[in-house]
Amino acid sequence: MSARADVRTVLALEWRRERRAPQVLPTMLLFSVGAFVLYRFGLQDGSIDGPLAAGVLLVTTLLAALLGIGRLWTAEQDEGQLDAYRLTPASPAALVLAKALALWTFLLALHAVALPLFAFLLLSSAPGAGELAQVVLVLVLVDLGIAAVGAVVGAIAAAARSRELLVPLLGVPLTIPAIAIASEAIGPLLRADPGVVDGRWWLALALYDLVFLLVGWAVSEGIVED
Amino acid sequence: MPDEPTDAVALDGLVRRRGERLVLRDLTLAVPRGATVALLGPNGAGKSTLLRVLAGLLRPSRGGCRVLGHALPRERAAVKGRIGVLAHEPLLLRDLTVRENLVHRGRLLGGEAATPARIDALLEATDLVGRAAYPVAALSRGLTQRAAAAAALLGDPELLLLDEPLANLDPVAAERLGALLGPAPRSRFGAAGPRTRIVAGHDPEAALAESDLVVGLRGGALALLARPADVTDAEIGALYR
Amino acid sequence: MSHARRLLPLTIVTTVLVVVWVVVSVAVAPTDQTEGIRQRLTYLHPAFAILTLASFVAGAVFGWKHLSSDRPLDDLKAYVAVHLGQVFCAISLITGAIWGKAAWGAWWDWGEPVLVTFLIIFLLYATYQPMRFAIEDPERQARTASVFAVAAGFFAPVCFGVVRMTTNVLHPQPLNDPGSNLPGSAGLAFGLSVLAIGALLVTLWHLELVHKSTRIRLRALQRRVEGEDAVPPVARSSSPVTL
């Protein structure tokens, strides 16, 4: 069976499990909404825009993603699914890639709800359609980067006993560049007088995604095989 | 394969460490294809570790280890999908139903394993047809073990590694599952030759009755290697002393 | 073992290089007209920074080798490389801050890409030992640590690129600067600093490797003499326990 079919099989399983016993999505969503409300108070009822808004949105995204990353490999660890997978001919890279894609789609689903809420709760002025499309595109790219890093970080943390402690320790430094680039890209879009996104940020984000997808592919053998 | 080896498992000085500790010490033995091996030994003797090494789930630290004609860990890819494992952990997703688990495993295994006919046949054989739509979490331990057995047999494995397969089962279920996991001729789905089985357990009498070879481990080392007819009670006693 | 045999010649070479480096950078190279004494930090700080990265890259290479070979020695090599990288990273951060205070009057500058990058990398690598310690199974620990070393090894250059892009303040780049407008003896002193500290790194790497592997071998011998079960295994350790 081809690797692509294996990826599809595992990805479908991740979504089926999430539908059957919703854990990751509700947790990430509730956390995000809670954080937005918290910012509302923490910034003393301030409406925000520009770089500050970009930072609030992206950091909240990352922190929510960390919750998802912590759950990503639990079935492999606790329910013997890693052994089960290794007894089949499916390739390690397919499993790691499927995990990254699963987290990516979870984050996209999260943003589908969290982004409007963010605009409603915190943003001082609603962005125009053009700006909104670009913000969404940046989020799609930064989510992919977080997911690629998260698949590896989640696997490392799952091997450890103190899984929940390791995820933020490893995940935060590794994603600083992605958050930094995305913030530079989104910042001007969320200003009251929207600016344009410098082309190099698109390139940098895409490169970051690519590098960490490749890293995940390169170390997949080390993650999956014991 | 041009030169099909006659031994399903051939160990030559196999050593497995866990950190500083030796878990398996210098094991040398050969298991012919189609044979049933009774793997005996007290707790902590290394039975489960040996099964995991043979399954390709743990790599040997030293020594030769050929399974189904392929040297582990180097040629591990070649034996994937050809080995069935039924151990203490059921290797099933608790939130999904029995059928969903089997379908998922079958897709990863590919080939015949994924066909609904194969899955139905196994559900029938494990008497789980009525529970196919139950989530695994809702099954009793005995039923879970049967579902795990169905998953282990899904790929019609040439080598079956069983770690106390009938633990937690009532007598009727044990008999039924025992027959399914037994040394029966390979099903209509495969024609690669008879199935080799290695069965770890604590019940010497039952093990001797159905095996072709008795392997006793003690402290990770080979303490007994004989045909069942030649094994004395004293030797079994010494194993567990 | 060959690493132990290399220790003596390495120590001699390192000693000579360090002495020459100190003499040249303190006595031979002239004091800079405009920058004064602080310019001599050029002969200390950048070398540490360069070798920090070299050390982390070496850790990634050994980690990669370990993933493909599965030899415990490669894991130990990666461990020692990352460990020394951490020490050098801390030294780089401290000397960098001192340089910053001397040159720009501030201990820390968020606009300075190299400083910020080093902080991020330092934070990442600081989790290396806690991560190892949290994984009980030694083989699992070794493989996971190698996955980390490879991923972090890729991360370091990415981080440099990104931070340099996102911080628009254009400070003189210390890595490109040395020797550019300085007399030949200053260039020599800078080159010597990289050589001397590089030799120091290699020697320390050998020393720690030999120390750790000797301890592991000693325990293995003890087990062989006193019996396999007489020596209780190490409960948990963040460094490799087998060879």
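As written, the chain order gives the labels A, B and C, with residue 1 at the start of each chain.
Following the convention adopted for this analysis, a contact is a pair of C-beta atoms (placed from the backbone, for glycine too) under 8 Å apart; a residue touches a chain by one contact, two chains touch by 3 or more.
Since we're looking at a predicted model, the values are computed, not measured.
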Starting from the Cα centroid of chain C, hunt down the chain whose centroid lies farthest away. B
Need the central chain here, defined by C-alpha centroid distance to the all-chain C-alpha centroid. A
Count the C-beta pairs in contact for every pair of chains, then give the pair with the highest total. A-C
On a C-alpha centroid basis, what's the spacing between chain A and chain B, in Å? 39
Distance from chain C to chain A - Cα centre to Cα centre, in angstrom: 31
List the centre-to-centre spacing of chain B and chain C in whole Å, with centres computed as mean CA coordinates. 47
Hunt down the residues of chain A that sit against at least two other chains at once, touch-wise. 225-226
Residues of chain B whose C-beta touches two or more other chains: 59
Residues of chain C that contact two or more other chains, please. 137, 139
Chain A-touching residues of chain C, taken from the complex the two chains share: 64, 67, 120-121, 123-124, 127, 130-131, 134-137, 139-141, 143-144, 146-148, 150-152, 154-155, 158-159, 161-163, 165-166
Contact set on chain B toward chain C in their complex: 17-22, 25, 59, 73
Chain A residues touching chain B - in the complex, by the definition given at the top: 1, 5-6, 9-10, 13, 16-17, 20-21, 75, 79-81, 83-90, 225-226
Would you pull the chain C residues touching chain B in the complex into a rising list? 70, 137-139, 219-220, 223, 228, 231, 233-234, 241-242
Residue numbers of chain A touching chain C in their complex, please. 152, 155-156, 159-162, 165-166, 169-170, 172-174, 176-177, 180-181, 184, 200, 204, 207-208, 211-212, 214-215, 218-219, 221-223, 225-226
